[in-house]
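Next, two complexes with subunit A in common: one pairs it with subunit B, the other with subunit C.
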Partner chain A sequence: MNVNVQFREDGNVMRGYIEGEIDTFTAPVLRDELEAVQIVEGRRVELDLSKVNYIDSTGLGIFVAFYKKVTRENVQLRLVGLSSRLVRLFEITGLSELMSIETDAEVELKQ
Partner chain B sequence: MKAFDYIEIRVPAKSQYVSVIRLMISGLAVRVGFSYDEIEDLKIATSEAVTNVVHHAYKESDEGEVVVGCALFEDKIEIMVSDYGVSFNFEEIKSKVGPYHEEDNVELLREGGLGIYLMETLMDEVKMNNEGGVTVFMTKYVTKEQVKEYVERITT
Partner chain C sequence: MKELQIQYKKILADYLKNQTERNLYIGQNFIRQLIQKKVTPEEVISIHKHAVEQIYPDITSEILNSFDFLIEIMVHFGLTVQEHQSLLVQQEELRIEMNVATKIQSMLLKTAIPKVNELDIGMVSIPIRKMNGDYVHFLNDEQHYVSVAVTDVVGKGVPAALCMSMVKYGLDTLEYANNNPSYVLEVLNRIIEKSVDDSMFVSMFYGTYDIKGNIFTYGSAGHEPAIYYNSRDQKFYDLESRGLLLGVMSEVKYRQYKIHLEENDFILMITDGVTDFRKQGDLDPRNVIKELALNYINLSAQEMCERMYAYLKDLTDFNLEDDFTVVIFKK
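Right after this comes the complex of A and B.
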């Protein structure tokens, strides 16, 4: 079990692709990767979570920390590709009210 | 025949074993007949309880263990997560955790403290006992099939 993060620059957007399970064991890897991301004012950050197949409060905490970091730098963060499971977790924890999230419904339609 | 089957696993209180416990929970939950979503809820709730033990129960030594016991009934599962480490006051902690709100100041957002809230939200019942160590008892009922059977019985 592991978590994998890859970042790609795409014009004005910094896209991060996260894959795997995020729990207390894999969390430090993800936290370090997100810590290392260079936040540049004027460039949006987008995290693609469509390949995240497990997340619990530890993982949600990491996204809260990252959200705080980018907000401090005046940069917009969007989480995209969330499965209905992930959306539910963001909703019951109230995080969906704070952060910009997008489902993977469009992705599903294309398939 | 016994009213339930009981399965128990004992692992070192280390983070690398939390996913192993999730595997066990999902395997057993399938046996009881839970839906995909319910199984995901059970995995998260149990992980939260085990993660709490891994992080908080054994501060001094590294050699603690966590015991996860599952009682499988026809229409529900009872999960017990237990350590022999440091007790904590459930009610006190509960009062400090919970969901985020839109008006929360971004800088002051908590980066932890959602674990107990998720356990309570995703399970039907959560009880805690902290004599000596901490034991969390959680219950979840199978929903879908029960309703279906009941409806059929009424119509016939």
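Right after this comes the complex of A and C.
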């Protein structure tokens, strides 16, 4: 069980690629990585979760905290590449109404 | 110390004369005594040096100096040992405090299942660790209403337990107020949002059953949807409501919904620990739960909960990694 995060600057968008399972044990790693991201007003942050196969409630907490942080800085956050299982998790918790999320299929359609 | 010095000299002399297992064993036992008396490693070397000096009066000063050298450098080793011992003591203190906290938590959060003639209620709530992150709160208003709050606090251990007490007192305070699910959820959300850090939240399913009217009114804050079985249609319905988790944003509105319960209908309220099959493959956990409920439909609500837990616990795909809670309201 591991989580790996890589950030890449792409014009006005800061893209983060997350890979692995996000649970009680790996969540602190993700939290540290996300905390280190430079938030610049006017730039968007996009997190790609297409290689994340599992998020538990502690993991969800990390995304909630990150969402709050970027929103305070007036920065837009988008989660992309979510599997149907993750979409379901964000829907049940009401977070899909709050955050902008996109499924795998939606990303493919755009390309 | 003098006494130890004499004893050690004798043990060492015996061993040097005759290197038997027995003599070695005596030395090993002696060192245990020294540990108990908190003699440091460098003191042991010093004892050894004096003993050697007495046994071999002609020993060269170089060898004696080498012992002094060893004594000096072993001081750090001794300090580390001391540190380790004090950590062991601290750990024991923490363990005792944790046990006390666990007892207080289970006392504070003790829930009795209300007895109502018109409704069969069952509950099983099993913590994965010492402290339970799930909490079930029942309210029973003189046979007019039975309400239930099924909650799951994110995070484990002490922070979750503290947050849970807050939820409990919030619910207690609301006891005599208007107990509409949307109102209860909105008030609790405001309380929790003010008091927790950014990565903490609580999910809650809140339902109120009107005993005379047979109406179940419910609302949810980011909680795993409850499952409703309609016996006339012989069908399950997911009680979806998609309200936001408690504690994420300050002003959140929660919708409430009503269903009319008929004879043999039941409502199954669960926490995500029940449906969280990490390696789920083609298996939909919610379908597994529904099938199980149907198998046990002729049992009492309490027996249904217990059988479900017993079955899931033994299922290999269901790696119990979270607290497990099932509540059933059965008409």
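Just so it is clear, the second predicted complex is superposed on the first by the 105 of 111 C-alpha atoms of A that agree within 3 Å, B and C clash if a C-alpha of one lies under 4 Å from a C-alpha of the other, contacts with A are read in each partner's own complex, and residues count from 1 in each chain.
In this text, a contact is a pair of C-beta atoms (placed from the backbone, for glycine too) under 8 Å apart; a residue touches a chain by one contact, two chains touch by 3 or more.
Predicted model, so just to flag it, every value in this text is computed and none were measured.
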Next on the checklist: Do subunit B and subunit C fit side by side on subunit A in the superposed arrangement, or is it a clash?
Outcome noted: clash
Next on the checklist: Touch test for A:Ala36: subunit B only (first), subunit C only (second), both, or neither?
Outcome noted: neither
Next on the checklist: Quick check for you: in the superposed arrangement, does A:Lys69 touch first (subunit B), second (subunit C), both or neither?
Outcome noted: second
Next on the checklist: I'd like to know which partner A:Phe25 touches here: subunit B for first, subunit C for second, both or neither.
Outcome noted: first
Checklist entry - Regarding the shared-chain residue A:Glu97, is it in contact with subunit B (first), subunit C (second), both, or neither? => result both
Checklist entry - Which partner does A:Thr58 reach: the first (subunit B), the second (subunit C), both, or neither? => result both
Checklist entry - Common interface residues of subunit A with subunit B and subunit C? => result 23-24, 54, 56-58, 60-62, 64-65, 68, 85, 92-95, 97-98
Item to check | Interfacial residue positions of subunit A with respect to subunit B in the complex | outcome: 1, 21, 23-25, 54, 56-58, 60-62, 64-65, 67-68, 71-72, 85, 89, 92-95, 97-98
Checklist entry - Considering the complex alone, what residue numbers of subunit C touch subunit A? => result 152, 154-156, 197-201, 203, 221-225, 242-245, 248-249, 272, 276, 278, 280, 321-322
Item to check | Complex contact set, residues of subunit A against subunit C | outcome: 23-24, 31, 54, 56-58, 60-62, 64-65, 68-69, 85, 91-98
Item to check | Parts of subunit B lying in touch with subunit A, wherever the complex brings them together | outcome: 15-16, 18-19, 22, 37, 40, 43-44, 47-48, 51, 54-55, 99-102, 104, 106-107, 109-115, 117-118, 121
